[in-house]
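Chain IDs A, B, C and D follow the sequence of writing; residue 1 opens each chain.
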Amino acid sequence: MSGVVTLKINGIDVGAQENETILDVARENDIFIPTLCYLEGLSRIGACRLCLVEVKGISKLLPACATTVAEGMEVFTDTDRLRKYRRLIVEMLFTEGNHVCSVCVANGHCELQTLAQQHEIDYVSLPYLYPQRTVDASHERFVFDHNRCVLCTRCVRVCDEVEGAHTWDIRGRGIESGVITDLNQPWGTSVTCTSCGKCVQACPTGALFMKGKSVGEMVHSPSFLTFLAQMREAKK
Amino acid sequence: MTTKLPQSQLPEEEILRVAEQEQEEKSQYQRHIYVCMGAACLAAGSATVKDSLSEVVDQNGFAGRCAVHGGGCRGLCAEGPTVTIEPDDVLYGKITPQDAPDIIKNLGKKRPLERLHRPTDRPFFLRQQRIVLELAGKVNSERIEDYIASGGYKSLLKAVHEMSPVEVINEITRSGLRGRGGAGYSTGLKWRTVAKADGHPKYVICNGDEGDPGAFMDRSVMDDYPFRLLEGITIAAYAVGAEQGYVYIRAEYPLSVRRVQNAIRQAQRLNLLGNQIAGTAFNFDVQVRVGAGAFVCGEETALIASIEGKRGQPRPRPPYPATAGLWGKPTLINNVETFANIPAIIRNGADWFASIGTEKSKGTKVFALTGNINHSGLIEVPMGITLREIIYDIGGGIPNGKRFKAAQTGGPSGGCIPEEHLDISMDYESLAGIGSIMGSGGLIVMDEDSCMVNVAKYFMEFCMTESCGKCIPCRVGTAQIYRILDNTTRGTATLSDLEQLEMLCDMVRHTSLCGLGQAAPNPVLSTLRFFRDEYLMHIVEKRCPAGVCHLHPEPALYNDTKESVR
Amino acid sequence: MKATLALPSDDKRWRMVNATMRRHGYSSSALIEALHTVQQAFGYLDETALQYVAKSLRVPLSRVYGVATFYNHFMMKPGGTHTCVVCLGTACYIKGSPQILETLEKRLAIRKGQTTPDGKLSLMVAHCVGMCWLAPVVMLDDDVQAEATPAQAATKIQEWVSK
Amino acid sequence: MAKTLVIDPVTRIEGHAKITIYLDDAGEVQNAHFHVTQVRGFEKFCEGRPFHEMPSLMARICGICPVSHLLASAKACDGLLAVRIPVPAANLRRILNLAQMIQSHALSFFYLSSPDLLLGMDAEPAARNLFGVAQQQPQIARDGVRLRQMGQQMIEMLGGKRIHPSWVVPGGVNAPLSAEHRDKILAMIPEGITTVQRTITWFKGVIEKYAPEIQTFSRVKTLFMGLVNGDGNLEFYHGYLRLGDAAGNIIADHLDPVAYQDYIGEAVEPWSYLKSVFYKPQGYPAGIYRVGPLARLNVVNACGTPLADAEMPFFRTLDRQSSFHYHYARLIEILHGFEKVQELLHTPDILSQRVRAEAMPNSNEGIGVAEAPRGTLIHHYKIDDNGLITHANLVIATGHNNLAMDRSVYEVAKEYVKSAHMNEGMLNRVEAVIRTFDPCLSCSTHAIGQMPLQLELIAPDGTVVETLAR
């Protein structure tokens, strides 16, 4: 059985189970930490670096989603430094892809857009990289617009960890990497895709959406994942 | 000269017998000729040199008096192929097959052949201190018997017979040995963590994914002293309680792969790997895993992913591999040079090792000395030696009367050391103090004709193409930093770009997931620190002081259609 | 117990691939080793090979593709008859290998990483071939061109391409 | 000495264009061209996008008449779905388009052109703007602001956003109209009608002052094209294309917009990035025609609403060829707009919940037509089997008018520009004729920023003789 620890987040004393992460505890206590690659019900990869927090006595910034709490820990989630870094990270995402909110199916329901609003990004100071990317509309029901992909790999993980199909993975590496279907083939020709749509629901942006949706009409609802994860846990 | 091991005999006795037999055989010969079979000399044609030497020996009736062996690196890589003649300790360089008759005829004469002779009483040799490379090329890298005859495997036998695992760990801890892969974490502490960790089985991994451009120390160790490496790994496995080991070698080193695989087979044959090693209850075996061209796999969690057959992407630490590594089990990862130090420490004792080097950085360090330097090659020096000694005494200074400008250590994760710091002590703390790192041992000397902005751009392009792409700061940040540096070298950058450059470097450094990203800005920050005026000249005056960059202030397009066969 | 999959064809090279996988007990961790063998045997990884390896090791197709494209060493297309590798290691870089590359790209009218349309030559780059003392280094197949100049390298490849 | 005179940019229009006037050695105008100088490439960059994005993407062509592009685009997408959209949805789209027309016409007439009309073509350039109008004729300025505001408010209540609504979707609209919004719009209409009628009365009183301009602006004889409904009356959303000639004869009727390529040709001229559109049966460049308010009222039988139709007899007395009368036509259309919106809001099923036909694409090609304030828009898309755009062709109002504008510039320059006594007022008249068309160049090409007007006298060898900065 796990024990109970006490720690401080932003100067507030909070109690937690010893196997919880900083993010879990912060959310339980209504302390906001931005996230992007994190999605409840999926494995935690600490890749987007938006949930980085400062911990007293540790020089490195730690990802709240993947760092377990410890007794006496003093966590700071909203320092000037963190805000500066987070803003730059979000800005970089806008430069990396081709994001045009005004014509996007997820306009108004987009986690990237929300992050930009939360960080008061009214302009992007870095130059856009304008990658040449394509839209894969070969699937009967869904579309993957790679221009809007932020490589959070939620689709990859939900497909592997929850659906068990592992239709998605990442091709290449670095700035050239991208999400692929099977052997980098059109989604509609995938032999492994079950068309369950979990990836579409898990997507934080307008990269994955249901065919036929117009601008602003794609509302993602990944909350079912929590239930699925709990059900599976209960069955074990 | 193959030795069959009768199962009934006690292993330790058998090993001693092998050593004696080998020595006896060797003593029949008056002269032993070691032709370097390291990658450098092989590339320069040492294999044919060896063949012609053997041929001449046979033809001229020297057989029985003189033996020709494959040997290892003497460090003078630029002088390859090299040949060492024992017991005279004569070193010849730049040998061609046509030189064989002269060499053989000259054997036993007082004076070595003048035109080929490379005196070993020069500072290049005298200022070095060899622990890792102690066998100095005079051992056959493909015959375990030769290694044993040279004193090999005594340390392993000592460890497993005379020391408990805890004692081995204590000895290593006391020696002050720090990881030679770059970060410099205490090896003994790391071993202790793995030894104490819950979980079974445990693994030992040797990181031979030497990826820094301009570094080839580990390759040399793997090529020339594969048995010594295995001995070190096996001692480590004994100390931490591991049963399986992996040597992860980058695909670019096919010779290393062959030599280590050969060494594993021979060690297995003599029961120095396998079950009940040397008659004890200790079981341990090793496999080679070949990398496939990804710098990031030098990062330990990425390397583990690669051994597991996955994309080599790192994951957040903690948990560290010491508690949850390969297949989630406690795993010890050390670099090649670290393991290669182990047998000497066990044999000579922690105090001996700790007496070498500085207060906090013990022992020696192998450097690959290259660039604008007279004697490029592989050197091993005590920690704490100054950079000036390395460059001017050992390296023989800068060629063509040019001026020293900077030395780069630590590769894409390191920094540049300018002239004013030439007297810096080469140890972990001092290097970190001026924004560089010890790194794995690449030491690239640059003269006045090198443009530091261009060098920074070079390393950033490297990091950009080697970024695994998992975390955003490294994936996009390196591309954005590269773009600014590229614009600077083209003459299209502005002062506000310089500001943005510093902002991006700060962010990438502090927010990236793994060491690759965290260290990627180092070459930029270091050159900005010591050569800021060069940046300003590119930006403000649109001029490259070294004359390397072609500045033409039209806006450049990013992404000049990179295509590859992949 | 895993049943061995039928080989994709009676090309003997598939047996080598299968042998590698068998040696590793058809474990998914043998993926990279298997791909190495495919590349050794066939020179590059095609779809048939990826499918075969994926099914034999029971690794998802997309993961096989992801791994194959993550590592520089693996080629997804056949290379040229000859390979010219320009070393872009640090020592070579500061001693002028970028100029060699530029010259060769212009002369061959292809970019780094590409193969000439007639399939005779692939122009590749390496981040250090580990022969820094010979910098700048150009590898022409197995031949090491030490202290290369743009003109030398261009002359040498000209022979290959014009044959 | 021969000279070339360049007006760059043309001011108080939407977008960026320049005018070049070529003078001969005697200082007489030899030729003149209207250049649209920048490429926008909309047609190119929508390739590869999902067609569902097209209405919103196309609405981004222009911040002035996004709704018309939205509608032409949505109709082309309806064609890709091969559905007939629910009647209430079509009516809601109609209302949206009319509201858009009201605000855009108000902008053109009051903001862009009324300074010329009220203050005079030769007035001081610094005062020749809406602020100058506000000082001299505060009521006119207020009316202009109010009319535009009403148009925008209606759009907002329908589409959710004042500019660039994403309410219109392939197959209909994505939300029904609420009773609350219907009532609010209805409540606005009487004020709108009164306001525009006040302007009409004023304008009719001053038209005669511009007799010289009216005459000069009529020198180019062209055909006219506009959309008409089944009764041959004014229509902005859906119907047939009709062409009339300079004498008022209908020369082509019941033209199916879907077959536009049979009778509309697009030529490329070296002086402009904007395609020159012509009526095919009469050839190029004889098939020159105009679109927009003047053209529409010239070809229709009637407006179809009582108050607007009451203005038609006076309109019919005017010289149908003079581009100057675009202004008056614009005011009549505003009036018609209010009336028509009122009528449509009273249709019984306007609050229906069924406003969208859901379908997957059933055709690989779709063509949509709508009347923008400036004239006819044609959107033509082709998609692959996955619904991604493979080809897009847009024929926009300013394209139809391109040839007519080019020739009008020449005629006006001939009349007013004399190099010996060059003055700013002359040049303003050259620009004014362009403004009558209310060209939307941002639609047809690409606008980057705003530059000060610069007049350059350029010698035949290309050297700049003189530069006048405004």
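What we mean here is this: a contact is a pair of C-beta atoms (placed from the backbone, for glycine too) under 8 Å apart; a residue touches a chain by one contact, two chains touch by 3 or more.
Quantities reported herein were computed from a predicted structural model and do not represent experimental measurements.
Chemist: What is the minimum number of touch steps required to go from subunit C to subunit D?
Modeler: Step count on the best path from subunit C to subunit D: 2.
Chemist: If you count the contact pairs for each chain pair, which pair has the most?
Modeler: The chain pair with the largest number of C-beta contacts is B-C.
Chemist: Using the average of all C-alpha atoms in each chain as its centre, how far is it in Å between subunit A and subunit D?
Modeler: So the centre of subunit A lies 45 Å away from the centre of subunit D.
Chemist: Centroid of subunit B to centroid of subunit D, CA atoms only: how many Å?
Modeler: Distance between chain centres: 73 Å.
Chemist: Which whole number of Å gives the spacing of the CA centres of subunit A and subunit B?
Modeler: About 39 Å, centre to centre.
Chemist: For subunit B versus subunit C, what separation do you get between their C-alpha means, in angstrom?
Modeler: Comparing mean C-alpha positions, subunit C is 24 Å from subunit B.
Chemist: Identify all positions of subunit C at which a residue touches two or more other chains, and write them in rising order.
Modeler: In subunit C, 63, 66, 69-70 touch at least two other chains.
Chemist: Could you tell me which residues belong to subunit A and also touch two or more other chains?
Modeler: Residues 170, 172-173 of subunit A touch two or more partner chains.
Chemist: Touching at least two other chains at once: which residues of subunit B meet that condition?
Modeler: In subunit B, residues 294, 311, 466, 468, 562, 566 touch at least two other chains, as defined above.
Chemist: Could you pull out which subunit A residues touch subunit D in their complex?
Modeler: Interface residues on subunit A, with respect to subunit D: 102-103, 105, 107, 134-135, 137-138, 143, 145, 188, 211-217.
Chemist: Touching subunit C in the complex: which residues of subunit B?
Modeler: So the residues of subunit B in touch with subunit C come to 39-40, 43-44, 77-78, 211-216, 219, 251-253, 289-295, 306-313, 368, 370-372, 376-377, 408, 411, 442, 444, 446, 450, 455, 458-459, 462, 466, 468, 561-566.
Chemist: Could you please specify the touching residues of subunit D with respect to subunit A in the complex?
Modeler: Residues 48-50, 52-53, 55-57, 60, 164, 166, 169-170, 174, 358, 360, 386-388.
Chemist: Would you tell me which residues of subunit B are touching subunit A in their complex?
Modeler: Contact set of subunit B toward subunit A: 294, 296, 311, 315-316, 318, 464-473, 475-480, 483, 500, 503-504, 507, 510-513, 558-559, 562, 566.
Chemist: Once bound in the complex, which stretches of subunit A touch subunit B?
Modeler: Counting only subunit A, the residues touching subunit B are 45-49, 52, 60-61, 63, 66-68, 84-85, 88-89, 92-93, 95-96, 125-127, 129-131, 150-151, 170, 172-177.
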